[in-house]
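Structures for review follow.
Each of the next two complexes has chain A plus one more chain, namely chain B in the first and chain C in the second.
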Partner chain A sequence: MDININIKKNLQIRAFYLFFVIASIQLGIGILGVSRLIYLEVQQDAWISIVIAFFYVSLIIMVMLLILKQYENADIYGIQVDIFGKWIGKLFGTFFIFHFALSFFSILITYIEVIKVFIFPTVNDYILSFMLLCLVIYSVLGGIRVIIGVCVIFFFLSHWLLILLIQPALQMELTHLQPVFVTPITDLLKGARVTSYTFMGFEILFLIYPFILNKNKAKLPIFLGLGWTTFLLLLTTILVIGYFSFDQIERREWVLLGLFKIQSFAFIERFDYIVVAEWMMVVIPSLILLMWGITYGTKRLYQVPQRATLYTIAILCFIGSLFTNEHFQIQKVINWSSEYGFWLVYVYPLLLLPIVLIKKKWQKRKDGDHHVH
Partner chain B sequence: MSIKRISILFFSVIFLTGCVATNELEELAIISARGIDLKEDDEIETTLNIIRFDPEAQSIYTTIKAAGKSVKQAREHAGYQIGYEISEGQLRAEIYGRETATKGITPLLGGLIRDAQASDTMYLVIANSTASELMEHQTDNAKSIGRYLDALLTKEIKEKAIPASNIQKYTVSAGTIGQDPVLAIIDIKDDSPAIVGIGLLKGDRLVKEVSTHEGTLINIILDRLKNTEMSITVPLAPFESYIDKELMHEHYASTEEVTIQYLVNKGKGKIKVKNVKNLTFKTEIQLDIDVRGLSKPVSLKNKNAIKLLEKEMEKKLTDQYENLFKETQEANIDPFGFGKFYRANRQVAKLTDNEWRKLYPNISVDFHVDVDILQAGTIQ
Partner chain C sequence: MKRSRSPEKGSIFPIKVAELKKILQDQFNNNPDLSFSIYEKKDKKLAVFFIAYLVESEKIENFLLEPLLSKEIPWANTSIKNEIPLNGPEEVVNLKNILANLLLGKVYVYIEQEQTAIAYMLSKKEKRSLQQSETESLVLGPKIGFTESMVTNLNIVRWNIRSEDLVLERFMLGKREPREVRIIYLHSIANSDDVQTMRQRLTELDIDFVEDSAILMQYIEDSSSTIFPQFLSTELPDRFSYSINKGKIGVLVENSPTAIIAPTSFFSYFESTEDLYMRWNVGTFLRGLRFISFLLSTLLTPMYVAAATFHYEIIPPTLLVNLGLSRAAVPFPPILEALFLELMIELLRESGARLPTKVGQTIGIVGGVVVGTAAVQAGITSNVLIIFVALSALASFTAPNYLMGTTARIIRFPMIILAGFLGIIGILFGACFLVIHLLKLTSLGRPYLSPIYPLEMKDFNKVLFRLPNQFQYKRFKSYRPKDLIRYPKQKAKKKKDIDE
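For the complex of A and B:
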């Protein structure tokens, strides 16, 4: 297996698109309920937790970029094989694939649940899951450039929903956010930990990095993407806290969707139906990016054709989604994904960095010695 | 596009519609209002105002009654009485009987919040007697009470004449520590449902009723007024020198007061905490008004007359606020939301509802009303 990869010119993307990739993969199902989870930990200081989480994620992204920069044009699968050798490296690579698969599955079943609760209580699971997976397969078959195109288009097609938030914003109760800075730091950190599932997804950078054409310009769009997600998270959390009372936040599962229940226009009375349907445009980019991560990873590690993995995973997820239709099962899958992802995404890069740096230094010295002799 | 692709698209468009359950309008009974009365043995009696398209019936509206242990069970029982599928998505008003409201309404709301199909814009109101009595009144407006209340409350709330009475506002107020909810009280007046007062709730129980005028006074603090009609009665004596003697007919002389009808262009109230420890608050109310009419021929030609009128109105409004505030202190309910400002300004741990109930009777509030007359109409 090659550590560095040669990407064909026609598959390369400009660094500018990383903004959409990062924003699309992070915004998904997590943002629907995360405000509530943070609020339960830290109450009105929830926004501070988000800011803390933002800085921590920024740190992790810096570390990831530093790791990637040590190599000429490598992704995480190659780097791990280089560091740990063929067998352990491939095992660690499989951990990443498994992580993508778990995230993919959790997003899929959660979105199906949301549709069932809000719009079609009687619809069969397999229809929704089949249709969503069809869209995912169709997009992933198009390749990396199509995937990124979908991210860009759906980004613009879904963000008009923000306009609808004006109405709840006008009804906010600002005293709910006061008094500020009263939560102890340990609670704030706990609140920041809760956001891990929502912020997750930026690890796709480990895979997509070799595809970037102008790598020296990659930093800005990545951080803008992260900044956009953080901004939306802050905005929605502050709105949720101001708009709902404590009891309401505690009781509502997808509290963000509750913000869309107040708008009413002459031509459409209930906007939450539209929002839930429209949310597909938020969910699909995350799904296809994750699916791409899975298929690309198996190709890199085990030389399995991407099509074969795509269809296999889709069928497995389809069967899996039929058996996870109870609310608490779905919550369990999300918790697994969030726990597993936490160690892999938020802790592992910090451990990997020193190893990579030491190995590179050692290699340089060895090379240096070589030249002298 | 090839013929293959077009046919795939064509067939999927046709066949996919079969995947979801269809709701045909002709087969639905749409609940537009629901009355709730508590009976003995935890039984809940619901009265449903329903819209259904029955070609045989004279009106599309009909009212049915059903009882059950919960609101949702009552709905199930109602299903046995009507040959249509009952749908809740267009529920516009939930009406609680007065007695039911005094026992607490939050437990009855659970199903509405749990059910994602129910709307958040629906109104909650209290019937002056029982809900079923209000809903079974046989006049045109009462028969279509859901639609009628929706139009009436939407208009009044838009004019800010009464505090918002919808489920979202209610649940926020009931759930916020240091704020008690207010709901409109409805009764039949001249054969038509009308807003007759404002119910002040303690937690989720109705404990006190105030007039709609006092409701507007509360709303100035809760919300901002904009183009709201109000009126006030002040003593006539201070205006002695401005009375147009020629127009002062005899029948005016019976009372020593003058009523002013005015339009509030802009009105806002602001609660400030003066001292957290001493529990002192300051409430500043600013009203920019146009005078629309006076019940007696007082001339407002003179600048001094305007100034005097402003002063008299300020005095009267301050009085009204102080009385209303004292009454709420006696009943220990906080519809103004002083408690939430207290909580927000106190830097220590959480405020509990009980703690605030103990403190509320002891707080002192300084009401400061500032009236600005911008226009006095075309007549000088």
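For the complex of A and C:
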């Protein structure tokens, strides 16, 4: 297995698309309910937790970029094989694939549950899951360029939803956010930890980095993407806290969707139906990117054709979604995914960085010695 | 007989005139249209042969036979070439060549014992006169449309783009019946990769004959399974030359009044040259209207079906009462109701298109007014749905390109069915699928959804909306023209104060 990869010219992408990639994969199902989770931990200081989380994620992204920069054109699969050797490296790579698969599955079943709760309580799971997986397969078959195209277009097609938040914003009660800075720092950190599932997804950078055409310009779009996610998270959390009372927030599982119920027009009374359906355009890009991560990873590690993995994983997820339709099961999957992801995405890069740096330094010294003798 | 030089390879000359006649008659299966006349003077024999109805017979009589027979022109190749007052004499020796060119309207003169025959191009083609285009009508701007004659069309194009830069490459397509096809582009602007792709697709095409440009278009399109047209077809020379000037590639086919333009993006099917003739703000409004009407025509009826079947809550109470009243008498579920009405509109459109114009109008009135009212009174459909269906049918006719309008109408049917089964989720599924599908399409290898993806913000003002001319100084960047700048950027002087 090659550590550095040559990407064909027609597969390379311009750096500014990373903005759409990062924003699309982070905005998914998490943002629907995360405001409530943070609020339950830290009440009105929830926004501080989000800011803390933002800085921590920024740190992780810096670390990731630093790791990637040590190599010519490598992704995480190549780097791990280089550092830990063939067998352990591949095992660690498989951990990443498993992480993507778990996230993928958790997003899929959560969105199906949202549809069932809000629109069709009686619809069969397999129809919804089949439809979503069809869309995923259809776009992943198009390759990386189509996948990024889906991110870009669906980004534009879904962000009009923000207009619907104007009405609740006008009716907000600012006193709900006061007094500020009353929560102890440990609770704030706990609140930040809750956001880990929502912020997750930026680890796709480890895979997509070699595909970037102008790598020196990659930093800005990445942080803009992260900034955009954070901004939306802050916005919705403040709106949720300002609009709802404590009891109301506690009772609502996906509290953000509650906000969309308020706006009504002359010809449309309830927007939450439209929002839940429209959320498909928010969910599909993250599903597609994760699925691409799985198929691309298995191809890198085990030389399995991407098509074969795509169909296999889709069929497995389809079968899996039939058996996880109870609320507590879905919560369990989300918890696993967020726990597992926490260690892999938020802790592991910090451990990997020193090893990579030491190895590179050692290699350089060895090469230097070689030159002298 | 002395031979000054050995005959060229494949030459059938010199040959006895009677033998030549026999060979030709054999080749043309004794067709009576093959005119082969033999004249004798002073022991010399001369043959003139051509295919009747393909050539201008007055010219042959006045300028070829008259001087040859009555004047004292010596019967020899050199003197004929010099003294016959016809343009472009050509010496030919190859039988295959002669046979092929006879069918294109050439007239041959052969003097017995000469090494070559002399050919003149005297073809004549019956054609209709220039008319206004029927399928694409404009309120403003030039009105003439292309005709079936290639010569006329080339004449129009040459007069529209009077530039030495204009290249008109000639291809003969079709094994059995070769037909002339032209690739037209501006050499210093059009992307040479695109030109090469088009050239390659045409030369690699191995078919018996090309019936029409619409069929050629289907042969050389990027994807044949999609419902969306990938090449633009137009009858309007002004639209054609406008696209050529933008750096696109045009294709003209003999015997076809529609020209092909490539590469195109999804959005170019919604632009009309009229947008350019209007002021920029009016043009922007009209273009926006067409985008909205595409959405309306594909989504309006499905939305009704979804709301009336599953999501009553979406409809505001006041509207719901009206809707309930008008639907109270209807015994069918909304999906059947909608499909029935849509089918009726399609029938009206199709019968209107097939019938002669006068009868067509009557059918429109009878169908639209009488059947529509009767359907409501009979309790088959609701009033509200009739409005929606009529609106979306109207909207689908706003697309300046007929192919895209048809596509919009057809997409509606699967959308209605999806909405009938899965409500708004079904509609969103259909919409997502369509968007992904559009993303995967290419036109001549260029992405179909440019400039949105690949994102080129600077092209937005040419495609999605229009800006005043001082912002239009660049060409469409997404297709990578060789020369990006149309004219130097002009800046209007700014006034510093009110009264200056």
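The working rule: the second predicted complex is superposed on the first by the 373 of 373 C-alpha atoms of A that agree within 3 Å, B and C clash if a C-alpha of one lies under 4 Å from a C-alpha of the other, contacts with A are read in each partner's own complex, and residues count from 1 in each chain.
The rule we apply is simple: a contact is a pair of C-beta atoms (placed from the backbone, for glycine too) under 8 Å apart; a residue touches a chain by one contact, two chains touch by 3 or more.
No experiment lies behind these values; they were computed from the predicted model shown.
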Scan A:Gly227 for contacts with chain B and chain C and give back first, second, both or neither.
-> neither
Counting only touches as set out at the top, which of chain B and chain C does A:Lys261 meet: first, second, both, neither?
-> first
May I ask you to decide whether A:Gly320 touches chain B, chain C, both, or neither, giving the answer as first, second, both or neither?
-> neither
Of the partners chain B and chain C, which touch A:Phe120 in the superposed model: first, second, both, neither?
-> both
Report for A:Met281: first if it touches chain B alone, second if chain C alone, otherwise both or neither.
-> second
Examine A:Val150 and indicate which partner it touches, taking first as chain B and second as chain C; both and neither are also allowed.
-> second
Chain B/chain C common contact set on chain A = 120, 123, 127, 131, 264, 269-270
Residue numbers on chain A that touch chain C, as the complex places them | 14, 16-17, 115, 119-120, 123, 127-128, 131, 134-135, 138-139, 142, 146, 148-150, 152-154, 156-157, 264, 266-270, 273-274, 277-278, 280-281, 284
Sort out for me which residues of chain B touch chain A in the complex.
-> 16, 19-21, 89-90, 113, 116-117, 119-121, 168-169, 171-177, 337, 340-341, 343-349
Complex contacts: residues of chain A adjacent to chain B = 117-118, 120-124, 127, 131, 171, 173, 175-176, 178-179, 182, 243-248, 251-252, 257-258, 261-262, 264, 269-270, 272
Contact footprint of chain A on chain C as seen in their complex = 310-311, 313-317, 319, 422-425, 427-429, 432-433, 435-437, 439-440, 447, 449, 452-455
